[in-house]
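One chain, chain A, links the two complexes that follow: it is found with chain B in the first and with chain C in the second.
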Partner chain A sequence: MTISAERPTEVESSPVSPVAIPEKRGWGSGWLSQHLGTAILGGFLGYIFGHWLGNYIASGYPYIANSGQNSVADLLALLFMVVGWLLGIGALNYPLAKMVGREAKSEVEYTGWSKYVRYNLDHKVVGLQYVVGVLLFFFTGGLLAMAIRTELLNPTTHVFSADTYIKIVSEHGTIMMMMATSVVVGPLGNYFVPLMIGARRMAFPRIEAFSFWTFLVGYAVIFSALPYGGFPTGWTGYAPLQTQAGPGMISYLFGFAIIGVGMMTAGFNIAITIVNYRAPGMTWSRVPVFVWGILSTAALLVLATPVLFSAGLFGILDKTVQTAFFVSEHGGSSYLWENLFWFFGHPEVYIMALPGFGIIGEIIPVFTRKPLFAYRIAAAGMIGVALLSFFVWQHHLFQSGIDPDMRPLFMLTTELISIPTGFIFLVGMGTLYRAKIRFEVPMLFCMAVYFNFLIGGISGVFLSDVPVNVTVHGGFFVLSHFHYTIMGGLIFAFFAGLYFWLPKMTGRTMNKKLGLWHFWTMFVFFNLTFFPMFIIGLLGQPRRVFTYAKNLQSWNDFSSVSAFLLGASFLIFIANLMWSLFIKPQKSPANPWDSLGLEWQTATPIPRHNFDRIPVIMNDPYHYSEVGAPALANFGDGGTVHSDSSTVSSDPVE
Partner chain B sequence: MTDTIKNSDRPSSTPEEQEFELRAHIGSIWSGGRLFIAMYTFLDASLVFSYFYLRSSNNGLLWRPNHVTAPTSYGWGIYTMILLMGLMAFYGQSRLRKGSVFDWQIAGWIGVGAGLVALMLQIWEFTAVPFYPGSSGYASTFIGYSVMNIGTLVVVTYWLETALARSYRLRKELGGVSPVLSMHESAQSFRANVAAMTYFFGFIALASTLLFAMFYLL
Partner chain C sequence: MTSENPPKNDTNHLQRITVIWIIVSIIGDLLYWFLVGPHVPPGRMTSTAKGNQFDFNVLFIIAFPVLVGIWEYMLYAVINWRSKKEGVPESVGGPRAAENRKLQTSWIAITTVVVLLLAAYGTVEVIVGKGSGGGEGPNPIWQPTGAVKAETAALAGNGTWSPNSNEVLPVQVIAQQWKFTYRYPTFGGFESPYLILPNDTNIVFNVTSLDVIHSFWAYQLEVKADANPMENNVAFTKTEQLGSFEVRCSELCGIWHGAMFNSGQVLTPAAFMAWATKTEAANAVNTKDLPPFAWTYVPDANGSSGGYYPDGTVTPYSPVEVYGSKQPSS
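What follows is the complex of A and B.
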């Protein structure tokens, strides 16, 4: 089915299902309806009810009475907190109405700020909600990182006890990893994928909204670990430490399961949207590379996260009803957790990397004014990485939990994955080759990604080799490696995407001078923080330990001071955000970077349904500087977009 | 799985655009049903992996001391009910394709009943298991399987019940026209939903066969 370039007259929707005219409401009205406040109230009441129920059910059991710790009550409190939260925000209205056969009512269209604190079905609102959500995760995790580096300033004078330190490390790692899984897919994926594929909507807008509100309550669940006394396992939650840990472990396990539900639903909705809602003419060879990145990530989210979910469930059962999945003395195995966790955990690494590759693949053609080099190889590389990521998890078990004879196989598969990753890297290099680069802030972040990821990637190849892995396992070398890939790759790419797309999302121009300050401080202090950690690691400093050899103090102090300055660089970003959006807002041009991307061809602010007419795609969006390239899209009113001009022209279709 | 068309106000559209949106919607239900199966496959696979991992590890010879088994009568009962649900779903779907909404509804209500019975049996079985949850690897994985099965039964019974409830209301909305015959988008959406659901039920019946054999027969 195609949509012809000639547009017939408009017709109204079927008379059988009349389209309700949405009621417009503004900030301050409709407060009896469901919003963030009712969600918090629902979560609070649910928590109290769950705790009471848990005590009612289980306080008489001997093992609970003897231990003085009712893990059933802890679990039910969190479970009902989530249910209350979802009831309070309105996520369960439709699923409950369906039980009596009702279809969804037309949504009340809230205007102004009010819509951002509600269960909103507009993917653009959800995208902006995610921006705030991931920044909340990021800055909380960042503050914990500052606490870690403060402790490591001195090996003998301690700010925290060893016990508190490991709990801070654990909370930092878990919050950051939860954030990182959604940092691009949530804000930028939800916001821009429909715009980039020419869709007016997501396939399952309620599932999309559900994913965000689940993600947000996941923050509360995982943060509840601290008042529960924290958990000592790091973000990996290894047994048997997991089994021995206190009630904070329930928050970790349940938090990961809840975030996992959010990840699965987000990936599900986005994957289905990309497969089904691509505009006519948007063949697979014309799909923007960012969308390829998001699609491959979504596939990993949908397929790998169920394993995390069941691992979390088994851990919860061990903690509450005393099963023994991970208790070797009772027929379980602590290595089972390692296998389940890393079967999810290694695809998780690529869940974090692929969207970053997508962003930079999307941005660099804009600032080099060159077509993306070897587009198909970039797409194939992403698919290759996604597929291979399921076959490498055992390299996390090189030290324990694997038959030594199996090591070479997983060493090989791990090294193999560097090939498609290298493809993606070379696609970027090919695009940069002999280009006249415009060094705008987003492009600088992209260049930084290549620099950082090169270090992170090459150190990863070393780590895949068994001898090196065994030597540096559990030390700062590994820590530095994954910070170079995740923060140096993904987070830099995220900021590249934010600076690139915020003008479209907000209609405001980000201050360039502050942006440059943010970039340079972040880039310099990131490297000054984490590069010394390679050296510290090779000199033998282990992770997750609050003291170290005295001769490593100068390296650690250097790293800590750099980390504080790195933290300060994010204050510049916040200042820029406040300045550019609220204090002295400047209206952004319609297409400030002269991008050919479909998302830039819509009006700003973007209409509720993105496109007045579903566009017919006629080319891919990377034909920069190609004179005579065919038009990119037909917007149905005779307007087309040409590759040598980023503005909508009124030329007839060629 | 029908959450796509009527959930929000729509812009004015040309007939071609309406058709495009409808096809995308139907396609979403189709591919969503299949992707849901893929998700569930990985979920079940993690349980199967755990079962065989602990079984082959046999730590402290505590995989399954004295070959203790969960109550097979409950197991057969639950399995039979799940199979009945699957059969009813396929039978109902075939009747629906031939135009008989009523037959599908009857089959559907039998399926809902079977789902509820299976759910009740699955919960009640906890009172009859002859082992402590942490007494062995088998006991642990069995409890994990039971909890996951409760979740599965809730999902499938809910899905079937909502489809049935929708079928009654839909007939009224279509002015008495059968949802099988109508070309209205709600009717097409309903049929796609039923097809996806039936496919999923088939998968659940297959997966249940494997899991039943693992936990009750092996």
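What follows is the complex of A and C.
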């Protein structure tokens, strides 16, 4: 039986590629052409131009002249910054050429390190670009979290002014939410979905690259809020506080719109790829469960984000040209933003959970050496969560004064969502049953997801109950709840995925000892940080306050110190990354975890077009340890991958 | 490849897990119910506080076995089903390990039943609890008897309340950046910076805002209702104990959101009556200058006078009427 790990050389030498892939060119010394540097320059010039244009257009209007604050200029500056950035990186070369009726040149494919700072159409490059991108978002947001916990060390002695504190809170929330929408879909989704479904590329490689570069410029846009004076609304941006706020609010609204464009394009591209680019034989009942997770997430990205985009547009119009969508006394309504925002916001919550479910479903069978239990239930659970997520948004508004009839209805829909979520637990528990569990670092992270997400999910049932919601709404209880689901669920799953797949992505082994240190410190201090917040919340501390009741100081201090140590645990991760990838790189075996997944059957490094021949899929990838199990895939070169684990080689690729 | 150790009896594991689970759940639930439950915030100062505390405890004794069951299972798996070999993966299970229809069906059935029961229970509690102290919007459907009468009378300016009259007491909560004030329509509509309430009385809170969204959270009273501009958000509770309580804003409302709190007291009906009549008389001069009592007030978009508390009669809004043809400066 030929095994996958022995095939790479043929693949690499494959001369012709049957799909249109941009040609590789050697011309150009590189730095003269388009890359991150020209994108930054383009953004800078665009900003200056937009600001000038805004002043030129609008400075004469009385309401702008009177207020001395030109929101139009602020908005146009950001808008042209994004346009300049996209021009600078080369994202618009192709569409612009087509638009003026010329045949567009294909993007040049650079080799070596420089391809990572360019507009690259390879989904594997985009995946790695996203890894760096989301870590940039994550660590910036994390530093802001450290600042929040520093301020909360003492109820009366303040490190920051009330003004600065609220800016920090708002930036932390917004940056983290933006990160969390893309944290798995961007890096791991882009990188592994085509590999897992046996495709050579994404359906729309330009859109895929576009989604990354808009995501990245979103970072600049949201941080432009700080020089503009910040925004005081938190990540929820409630109007009319939004309408009242200064120009930093423009950065928030426009930033979410830009990130929204990135989310929509990424979602379209991935969903269409999964539906249309599956290899022959990759039936819906053989699609890896991670792909199900990404597909359901992509559906939510496509359907929910336009609402955020429109809401942001309304907000921008309110702030720049004095419309009154959210201004009650001018005929608008403060409820409009709340409803639009949460109509997006609740599917968004599951955008931040489903990819995590997909990851753990993918990883647990590998380390238990068992087939995934109840595969259909797993897929159905994720689809069910995705569907129901559109019918629960008003549970954020239980006390807001919505029609009282709606409250039992949304209590019901919200609690219904715990049925499909329960499927995910059933799948995990069934797979663990009488398994042979190997506690490698990715597996530990998966177990932690179950531990944390259970707390997060069950506290969610308390929140969905209208009477109990009166106690816990708007306080630290809910804050703790969503940190348990988003950080305890999604971020832990993301790290599980990183530890699991980085050997494939980089060809390097992650140091296990440092990985264990990272896991245990992160797990322990995460729980020590956020569990006390349930109690703090029940004892009556509202969210986003810079001062609190004296009797809550010891709880808050405990939480803060744990938070600092939690922050430190990520230093171990960075150290591990540096050590394992750059300082003492060790070549990873081709299939270090003995996984049956199709993505592991490709060569390392993965050739540009992934598969020499499109494989014919013959089975689902969870047939761990079956006697005489059928082959997983036929690669058309006479070799098949047998699903019996003993035939999967763990020898390093030479 | 088959499992290398001889298959143990399946029921052995599940039996052991179930027995441990039942014992731990019962002990945990009993300990919680008797030791922790009565102290769960926000206490038992009002009917809604009592009701919601009970509800929280009911949810907890349902949630605890779920939590324990899954954790125990996971812990059991970690201890008993870990790979003995280092490095090389062992293989277990087979095609049958991927499915167990009966288990799947019963899991779905049980979770569905639990969830539906929870939703039904929550609905009953909301109705019985007259909205459970949460904001029901301008047209509440679950309210104590007499609330409509009291509200109508209050708006008309002829509402009355006296000790032992068994009448519902309407109170208006006005939120603005960054303070709460309270108007008592049954006592001439005077405004107080403190929330003083009579004991053993049904209270109607009419919560509104003069600027952005706030949330009125009377912690010990277990009342929480968002304050929206030009919107009357109504919440009910019945005071049952004397004592002081705290009021906080639980919706981010700007820079000083964290400092937006004050306190209040539940007095005996007689003491409340004395306070209210005294304050009404003492404040009469100021009350005269306040806008006429209304459920909502139009925020002053101009705000130039710093007065976010304008004449309540300016409805419906007409920009031309208020500002002339010139755009307002913001």
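Going forward, the second predicted complex is superposed on the first by the 608 of 654 C-alpha atoms of A that agree within 3 Å, B and C clash if a C-alpha of one lies under 4 Å from a C-alpha of the other, contacts with A are read in each partner's own complex, and residues count from 1 in each chain.
FYI, contacts are C-beta pairs under 8 Å (C-beta built on N, C-alpha and C of every residue); 3 or more make two chains touch, one makes a residue touch a chain.
If you're wondering where the values come from, they're calculated on a predicted model, not measured in any experiment.
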### Query
When the two structures are overlaid on chain A, which partner does A:Phe534 contact: first (chain B), second (chain C), both, or neither?
neither
### Message
Which partner chains sit in contact with A:Asp405 here, chain B, chain C, both or neither? Use first/second/both/neither.
### Response
second
### Query
If you stack the two complexes on chain A, which partner ends up touching A:Ser328: first (chain B), second (chain C), both, or neither?
both
### Task
Check the residue A:Leu317 against both partner chains and state whether it touches chain B (first), chain C (second), both, or neither.
first
### Summary
Of the two partners chain B and chain C, more of chain A gets touched by chain C
### Task
Using the touch definition from the top, say if A:Arg206 reaches chain B (first), chain C (second), both or neither.
first
### Query
Does chain B (first) or chain C (second) touch A:Phe573, or do both, or does neither?
neither
### Query
Is A:Ile455 in contact with chain B, with chain C, with both, or with neither (first, second, both, neither)?
second
### Query
So, A:Phe492: does it touch chain B (first), chain C (second), both, or neither?
neither
#### Entry: Partner chain in contact with A:Phe476 - chain B first, chain C second, else both or neither
neither
### Query
Which positions of chain A sit in both the chain B and the chain C interface?
322, 327-331, 335
### chain A-facing residues of chain C, complex
1-3, 7-8, 10, 13, 40-42, 48, 51-52, 55-56, 59, 63, 66-67, 70-71, 73-74, 77-78, 81-84, 89-95, 97-100, 103-104, 107-108, 111-112, 115, 118-119, 122-123, 125-126, 129, 131-142, 207, 211-213, 215, 217, 219, 222-226, 228-233, 246, 248-259, 298-299, 301, 317, 319, 326-330
### Message
Please output the residues of chain A touching chain C within their complex, sorted ascending.
### Response
62-63, 66-67, 162-163, 165-166, 232-234, 236, 238-241, 244, 322, 327-331, 334-335, 338, 368-375, 377, 397-405, 407-408, 411-412, 415-416, 418-419, 422-423, 425-426, 429-430, 432-439, 447, 450-451, 454-455, 458, 461-462, 464-471, 473-475, 538-540, 542-549, 594, 622-627, 644-646
### Query
Of all residues in chain A, which touch chain B in the complex?
1, 3-4, 7-14, 16-17, 19-22, 94-95, 98-104, 106-107, 109, 121, 199-201, 203-207, 264, 268, 271-273, 275-277, 280, 302-304, 306-307, 309-311, 313-314, 317-318, 321-325, 327-333, 335-336, 339-340, 343, 607-609, 612-614
### Query
chain A touches which residues of chain B in the complex?
2-21, 23-25, 27-28, 31-32, 35-36, 38-40, 42-43, 45-47, 49-50, 53-54, 57-60, 62-64, 132-141, 143-144, 147-148, 158, 161-162, 164-170, 173-175, 184-186
